[in-house]
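Reading through the C-alpha cells given below for one structure.
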C-alpha cells in the first residue's frame, strides 16, 4: 500500500517539474526568437558604413545611421540633465523628508506616471513646447524623455535610500552632523551604487522609446547642430525605414534594431556587473 | 604562578587592596601576640598597653575587610578562584580578630601578673607561646603563598598545642596545691595557656580557609588525622 | 621584642593607584552635567516617560536600569534630542545641560549633539568608509581640514578607545572588516573624536561576547575621568561593575537614583529591591 502511494507521489512530482520546465522554456522562447531573428536579419547590414555614414537620399542604396545613433545619445544626455537631478532629489525628499500623507500621494502619482503610455508624454510636450515655438526640436525630445525618467528615478532612488539602515543616520546625527550633510555624505554615499543602478535602468528604458519622439524630436536625415531643431534618433529612424517601401531601408532598419537591442543589453549588463555580490536587489 | 591580570582594572585593584588589608591585619595580630608574650615573659608592662591599642586597629580592619569583600561581591560578581579569595579573606579577618582578642586577654592577665612578684613557673609557658606563634605565622604564610601542604599539616600541630595545654594545666594544678597563697597568679597562667590553645585553634581555621582558597576543598571537621 | 616576620608576597603586583579610579560615594556637591526637571515625552497621546527629575553628576558613570519598556532608552535619547527625528513627539519639562535648557526653542540640536555624543547598541561604522575616515567623519564634515589636526585627533581618539594598537598597521582598511568588539570601540573612537563632554551609551556591549564586553567596560571606566557617561543597560551586573550611580526606571517613571553600592546592597524602594533580586521582570 505504502509503496503504491510513494510511486504515485514520485510521478506527480516528476510531472510538476516537467510542466515548470516547459513553462520556463515558453517564456524564454520568444526572447530567444527575437534575438535570433534580429541577429540573422540585421547582422549582414552591420558594417563600417552603418556607423559612419548619413542616410542616403530616398531611393538610393547604402548609407548609414550615424546621425541617429549620435542623436539618440544627445537626446539621452538632455533627458539625463532633466531627469536625473529632479528624480534623485525627488527620491531624497520622499525618503528623508515630507510627511506621511504627502509622500503617499507623491508615490501614487509617480506610480501612475510610470504607467502612462509614453506617447502621452510626447503629446504633452508637443502641446507645451513644439506648438509654442512652432518647431520640432531636440530640446523637446529630450524634455519628453526626461519627464519620463523622473518618476522612474524618483522611485528607485527612494527605495534604495529607504534600504539604508536608520542606524547610520542616527550615528551621523549623533556626531553633530547636520541633516543635509548626513543625507549627502552618509546616506546617499551608502546608497550610491543603488542610485546609479536606478539611473542606468531609466536610461535603458527610455533609450528605446519611439512614440514620445514622434512629435517632438521628429527625426532628421542630416546632422543636427542646433538643439532647437529636429534631431534624428535611432528608434525613430527604425520606424521610418521599417514602414517604407524600400528594401534597402528595411535592411538598415533591422540593423538599427539590432544595434538598439545590443545597446540596451549592454546597459543592463553593466547594471548587473555593478550590483554583483550584493544581497540587496534594486527593482 | 604569576597570573595574567583582570581586564577590569578596578577589579584587580580591589582584590589587591583586600589582600593587602588582610595581610596587614595578620601583621598587626602577630605583633600583638609578640607584645603579649614579652609582657608575660619579660614582665614589660608597656607592651600590655600597646597590645590593647593595636586591638582597636585590628577590629577596624576586620570591619573594613568585610565591607571591602561585600563590595567586591556586589560589584564584580567574582567566580572561581576570585570568589574563593574573597570569601576566605573575609573568614580570615574574623579568625585574625579573635586571635588578636586572645592576645589582648593574655596581655591583661600578664599585666596583673607583672604587678605581683615573679613566678618562676611563668617560664613554662614560653615553649607553648612559641609553638602557638609559629603555628599562627605558618597559617598566614600558607594563605599568602597558597602553600597547601603547609596548611594541611597545621591540624596535627594544633593537636600538639592542645596536648601541651593539658600538660601545663596538670602541672599548674599541682603548683596551686603546693602554693595556695599564689592561687590567683596560677589561675592567670592557666587562663593564658587556655588562650594560647585557642590561638592554635584559630590558626588551624586559617589553614583550612587557605586550603579552600587554593584548592576549593573543605577540610574542616575531618576527624582522621592523616590528611596528607 | 620579636619583629613580625610576615611580608607581603610578590605573587601579584599591586595595580598602581594613579591609573585606576576607585568609585567612591560621589560628593553631593559634585557639579551636575544634567539637571532634568519634570521631563516627559509623548508619542502622540501616550507618555513614554513621565515627570522625570534627576541630577546627573559630571565625570562619572551613571547607569540606567529597568525592565523592558520602562523608558530607559527613551530617556537617554531625550538627553541629546534624538527624538527630534521621530515624527509626532512632544516634550514637556526641561533638561538643563550645564545650566542651559537643551529644549529651549532657540537651541540648535546639531550643536547640542556635538557636545553630547552617543554610542548605539548595534555598532554601526559607516560602511563606505575606512577606519580612519570613520573616526574623522565628524570632524571633516564640521569643517576641520588641517591634516596635522586630523592626524593627531585620529591617533588620540583611537588610543583612548583602546583600539590604536590593533589598527595602527592599516588605518585604511574598511571599518566593517573589524570584529564586533573592535567595531564598537571604533564607534566609541568616532564619538570621542569630536571631543564631546558627554557620552550617552545605549546598551553598548549587549551585542558583544564576554571578553569584548569586559574590554568595553574597562574602557568606560577609563573614559569617565574625562567624560560624563550615561549608560543604559539591561544587565544589572554590568551596572554594578561599571557605574558610580544607578537610576532605576519603571513604567516610564524614575523610581530610585542613588550610589550604585547603595542601590545594589540596600535599595530604599521596594520595587527596586524586587527588580534587582529578580522577583519581577
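First chain written, first letter: the chains are A, B and C, and each begins at residue 1.
Going forward, a residue touches a chain if its C-beta (ideal position, glycine included) is under 8 Å from a C-beta of that chain, and two chains touch if they have at least 3 such contacts.
Worth saying up front: this structure is predicted, and the values here are computed from it rather than measured.
K.L.:
What chain lies farthest away from chain A once each centre is taken as the mean of the Cα atoms?
P.N.:
The chain farthest from chain A, judged by C-alpha centres, is B.
K.L.:
Most central chain by CA mean?
P.N.:
C
K.L.:
Report the inter-chain centroid distance for chain A and chain C in whole angstrom, where each centroid is the mean of the CA atoms.
P.N.:
Using C-alpha averages as centres, the distance is 50 Å.
K.L.:
If you average the CA atoms of chain B and of chain C, how many Å lie between those two points?
P.N.:
47
K.L.:
So the centre of each chain is just the mean of its C-alpha atoms; given that, what is the distance between chain A and chain B in Å?
P.N.:
Roughly 92 Å, centre to centre.
K.L.:
Report the residues of chain C in contact with chain A in the complex, numbered from low to high.
P.N.:
Touching chain A: residues 80, 82, 85, 87, 110-115, 117-118, 120, 122, 124, 126-128, 137-138, 141-142, 187, 190-191, 194, 196 of chain C.
K.L.:
So in the complex, the part of chain C that touches chain B is made up of which residues?
P.N.:
Chain C reaches chain B through residues 1-6, 8-9, 11-12, 14-15, 17, 19-23, 211, 214-215, 217-218, 221-222, 237, 240-241, 260-261, 264-265.
K.L.:
Residues of chain A touching chain C in their complex?
P.N.:
Spelled out, the residues of chain A in touch with chain C are 99-100, 165, 167-179, 181, 185-186, 189-190, 192.
K.L.:
Which stretch or stretches of chain B touch chain C in the complex?
P.N.:
1-3, 5, 7-14, 16, 19-20, 23, 26-27, 30-31, 34-35, 37-38, 47, 70-71, 74-77, 137, 140-141, 144-146
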